[in-house]
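Let me begin by handing over the structure; questions about it come next.
Note that the chains are named A, B, C and D in the order they appear, and that numbering of residues resets to 1 at the start of each chain.
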Amino acid sequence: MPRLNMVQAINMALKEEMQRDEDVVIIGEDVGKDGGVFRVTEGLLSLYGHERVIDTPLAESAIVGTAIGMGVCGLRPVAEIQFMGFIYPAIDQIFSHAARIRCRSRGRFSCPIVVRTPYGAGIKAPELHSESTEALFCHMPGLKVVVPSTPYNAKGLLISAIRDPDPVIFLESTRLYRLVKEEVPEGEYSVPLGKARVAQEGGGVTVIAWGSMLHRVLQAVSGLDVEVVDLMTLSPFDEVTVAASVRKTGRVIIVHEAPKTCGFGAELSATIAEDLMLHLKAPIIRVTGYDSVMPLPKLEDTYIPTVERIKKAVEEVLRY
Amino acid sequence: MPRLNMVQAINMALKEEMQRDEDVVIIGEDVGKDGGVFRVTEGLLSLYGHERVIDTPLAESAIVGTAIGMGVCGLRPVAEIQFMGFIYPAIDQIFSHAARIRCRSRGRFSCPIVVRTPYGAGIKAPELHSESTEALFCHMPGLKVVVPSTPYNAKGLLISAIRDPDPVIFLESTRLYRLVKEEVPEGEYSVPLGKARVAQEGGGVTVIAWGSMLHRVLQAVSGLDVEVVDLMTLSPFDEVTVAASVRKTGRVIIVHEAPKTCGFGAELSATIAEDLMLHLKAPIIRVTGYDSVMPLPKLEDTYIPTVERIKKAVEEVLRY
Amino acid sequence: MPEKIIESFNVKRLDILDEQGNADASLMPSLAGDDIKKIYEQFILLRTFDARALNLQREGRLGTYASVLGQEASQIGSARAFEKSDWIFPSFREMGVSITMGYPMDMLFQYWSGDERGIRTPDDLNIFPVCVPVGTQILHAAGAGMAIKYRKERKAAGVYFGDGGTSEGDFHEGFNMAGVFKLPVVFICQNNQWAISVPREKQTASKTLAQKAFAYGFEGIQVDGNDIFAVYRATKDALDRARNGEGPTFIECFTFRMSDHTTADDSSRYRNTEEVEDWKQKDPLLRLKRFMEKQGLWTAEFHKQTEDRAMKLVDEAVKKAESVTHPDPKDMFIYTYEKPTPRLIKEMTDL
Amino acid sequence: MPEKIIESFNVKRLDILDEQGNADASLMPSLAGDDIKKIYEQFILLRTFDARALNLQREGRLGTYASVLGQEASQIGSARAFEKSDWIFPSFREMGVSITMGYPMDMLFQYWSGDERGIRTPDDLNIFPVCVPVGTQILHAAGAGMAIKYRKERKAAGVYFGDGGTSEGDFHEGFNMAGVFKLPVVFICQNNQWAISVPREKQTASKTLAQKAFAYGFEGIQVDGNDIFAVYRATKDALDRARNGEGPTFIECFTFRMSDHTTADDSSRYRNTEEVEDWKQKDPLLRLKRFMEKQGLWTAEFHKQTEDRAMKLVDEAVKKAESVTHPDPKDMFIYTYEKPTPRLIKEMTDL
């Protein structure tokens, strides 16, 4: 079985899905000859041609809005936004249309599109190349939000996302793209949307994370009696797996790189406290990016939750 | 002292601030001759002329982006987005620029703009005329978010917002525009940003709300030993006033009309549980809009939190 | 090496039927007498529907409504040129387009009364639901054009928007996509001179809207939007080109909004009655009637029958719309995703 | 009433200095010999800066960097036409504009090494910070134009963007604002033929970019962007009009990006070396040199002195940039708002 990094695993998912279903098409900036700025779509143009691997003009609302039109007409577009910081001009199309078409048309039309975009800090990129605003999309009914943290899951989740009848925002950590390799089977398999996984079993504390922070958490708690939940899908999130772990440990830490205020950690924390307060032995702690503008590279490492901050949080909840 | 509704109070704030400072200008769709679709800017054109009350083409990103340019050059633009559902095309300008210009330029430039927009359900308007996505803006560092609930506070907060050196999103409940009247003094006074107020004192339960839901809460708990906190500013929110009330009551309900998941209630709930868990006698309950697309008028009343749902929540937290 | 001219453009305008009912035979599209009578019937039906909607709104039996009055030739003329299998992307003011293409009037009433079930397009039509955010639907038409092209279908996409809609970023991005990929899309702008209170001259400084197409490398044409033959012909020609792989066309229908913007608006605040009176002379129905009279196609009796039939159809539609059950609150939950999420299922128990 | 032409446009192109260094005297802007030598010095300085930045990046001493190579005439030529008091809105590739206007080079190095302190524009300049989201700065220029107009100042706003930038919705909305309000804005597009891997022909189907201005009711002109006299003249003329209340102008500088898109890009993946070789013939510095030779303004010694001086200035700038302290993490908190919020103050204690 090939050992692949996340770029290769996602590329494989795209290639296989395009092979399986000719309604699957790719649309975005520089996705063709250039193979995408991270090479995620590399080789797809020569396999499937310009009609299915569509280089667009530089216009994000157009990428998503056109994908919506294609999706409604029965295609399965996988749109790429070059960096998450450039998804904002497309938010109107995502919120006002992709998310609502099924509801608005009482099911006559649906919008089976995937919007893939690299997210997060860690590669010392310019401004707006390190956004992690997943929470915005989780607040909008009608959307699904997926954030894989390993190559195997990235492939499986992307296959599920492409086949899903509803619009999916699919976030790929730039930091993870080439950081981790693991065995990724060729051919069809899928990891279901809406299910979390336990990335490390443990009994003393539950740490919940997703995407790039998952690895930092694993690093911080390695050797400790800590259970690590990899959320994988944020919307809808897997309340069952989360609850099971919290019931077991009674102590919860949530880690994300987005600013704390109104980050997805707030939702997790609120839900857990609402449903499971009597199981909690300590206050839930959020270890997150700060409520300040994401800095340029020189201060990037100060901004993102560090291994130390995570460790300190573990110590803190264990103090109760 | 004149008894004014919220439209009149906001109009008075604009008129007086324009009188005081000729850098204050208004920009938006139909804000001139038409006086705005809710008549909030009525009469300002004839007082201050086309150069200060600027009817724009139909383009929201332009309204905000132009306001940003004006603001950076030293004016104090008050931009109007006709309905909150139409702010999405301007989100890129708000997030990528208004919120970050001070930080990016290390204080050389700032962006002292106000973006006013009617929000929320309750007037049986068409689709996208009832959005309440305040939480999105609270997640973005660099922005302030204000939601007044009474005419007096609307005027005072708007004056503060206009004078504030940072960008402020100012949300005006369509349902409240003409619902409540109260005495509003002419002339200068201001209600500070970042401060909540206790709208009803009580000891058994704390209910936190803002904007239009405040009134529904007051209706639901009238006569009960419930403290009602009107948040007024959501970002940054007044953690001191909230904490004081929670310490007193130990029971918290948060009410908002936005969908529950990742609504601002999540942040409040998470913060309170983080800081004050040992004071809590019951789980925090969020009474909110549903995680579904806001329906058209026929189902509107089913969607927004009702007096009954709020009452039920009060009973529930008192059961602990 | 002086300054040299490297590109030139001409913006054309098409007029066929004048205010007195004279048609330019050399430009007249081929329409049999019966076709023309059918068009007249659709005109009357639309006026009847529109007037009834305004009445119902006044009586509190309908929500906010956006009248079509004055724009009927632009809507009926263009809609008749499409096939049922084409994809149509309306804004919120295209009742004339929908009715012409066979959309049930009772569902339109239902929609405007605030019930989503009214915009569940019947299966034999590809009309997209009413689009509220101005201009955004233009991109969906580009997407439909992409899908049509990809599948090599002989279809086209048609998209409607107003003069105000030309100012939104999505107009630009959609036009550019259509130009770059030579998409089978017909862009139809009803320039009704107003975007709520903003007059056309303040919407953009370009002399025509049609000329905006040249920025994207395809043709734009202005037609008299109150001249049903000109609108029909321009749309038909554009559709032929689209189906033949010759790419998109932009049609500016020069017309006028005779009513308030919607029932929530009061246009006397911002425009003169003279302007409205002037445009009454250009009424699209009046000139069709004059033309038909000249051709011997119009009689008082034909008119009476047409009107009676329209009244009956509209009455029936109102009755049907008002007899539907209240929508089931469950609908709120079950249409958000294909399958409701666990959280939605939990929330549903509130009902 | 046949189809009639109701509006016509011509797109003009301005060339002054050809590849052999011959200038069209009838079009030549008035520039003294010393001015021209100064321009040459700026050219050399910019090339030196740019080459050094690429080197530093390769050595890991700078982050991702976007080279200006090939576009110097467009940047220096236009920047020289502005006054220090004008408002300038660059994209991310305008090092030539900044340096020409007097922006300290050490701060540019600092910025590209990932330190915000490098884009705190000095107080004597009104250059807006580098704008990363393509096209968005166009609206800020419209806003600056509004402010200038409101205050009746004799200033203008200038905004820079690329061919790719013309596709964004904000381009459209900004141009439309400028047209409607007749704003004192000069829009400068460096059409360098590529937006990362997307060639100009796939960016838009219009033959020129200049013609896009007609959609907004003002003039667009294409100039040879490798011809510093043409760029300077077109910008100067546009600025005169802007200051005289005659509204905006769009200038398309037809040029070429000789390097990769940025140091993170590999342009050999998507474009031929022939294309790059062809454009070498059109090098903007070479033709200026040829012109100066013909005028007796260029000597090997002058060139040597210029180069030495540039090297020295760039060396100093690098040294200065690399000797600054690491930015204080507190900056992250104190510049988010004018006063840090209570939450930020709490978070700051983490440091």
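In this section, contacts are C-beta pairs under 8 Å (C-beta built on N, C-alpha and C of every residue); 3 or more make two chains touch, one makes a residue touch a chain.
What you see is a predicted model, and the numbers here were worked out from it, not measured in a lab.
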Neighbouring chains common to chain A and chain B, by label: C, D
CA centroid of chain A to CA centroid of chain C, Å: 40
Inter-chain centre distance, chain B versus chain C - centres from mean C-alpha coordinates, in Å: 36
Residues within chain D bordering two or more other chains: 116, 132-133, 167-170, 173, 176, 180, 202-204, 331, 335-336, 341, 343
In chain B, residues with contacts to at least two other chains: 56-57, 59, 61-62, 85, 88-89, 92, 96, 103-104, 127-128, 141-142, 261, 290-293
Pairwise touch network: line, ring, star, complete, or other: complete
Chain B partner contacts - residues on chain D that touch it in the complex: 87, 89, 116-117, 119-121, 123, 128-129, 132-133, 136, 138-150, 157, 169-170, 173-174, 176-177, 180-181, 331, 335-338, 341-343
Residue ranges of chain D in contact with chain C within the complex: 1-16, 18, 24, 26-27, 167-173, 176, 179-180, 182, 202-208, 211-212, 214-218, 222
Interface residues, chain B side, partner chain D - complex: 25, 51-52, 54, 56-57, 59, 61-62, 64-75, 77, 89, 92-93, 96-97, 101-110, 141-142, 144, 165-166, 194, 236, 239-240
Chain B residues touching chain C - in the complex, by the definition given at the top: 29-30, 32-35, 37, 55-62, 85-86, 88-89, 124-129, 260-261, 290-293, 295-300, 302-303, 309
Residue ranges of chain A touching chain B (in the complex, touch as defined): 61, 85, 88-89, 91-92, 95-96, 99-100, 103-104, 127-128, 133, 135-136, 138-142, 235, 258-259, 261-267, 269-271, 273-275, 277, 280, 282-286, 290-293
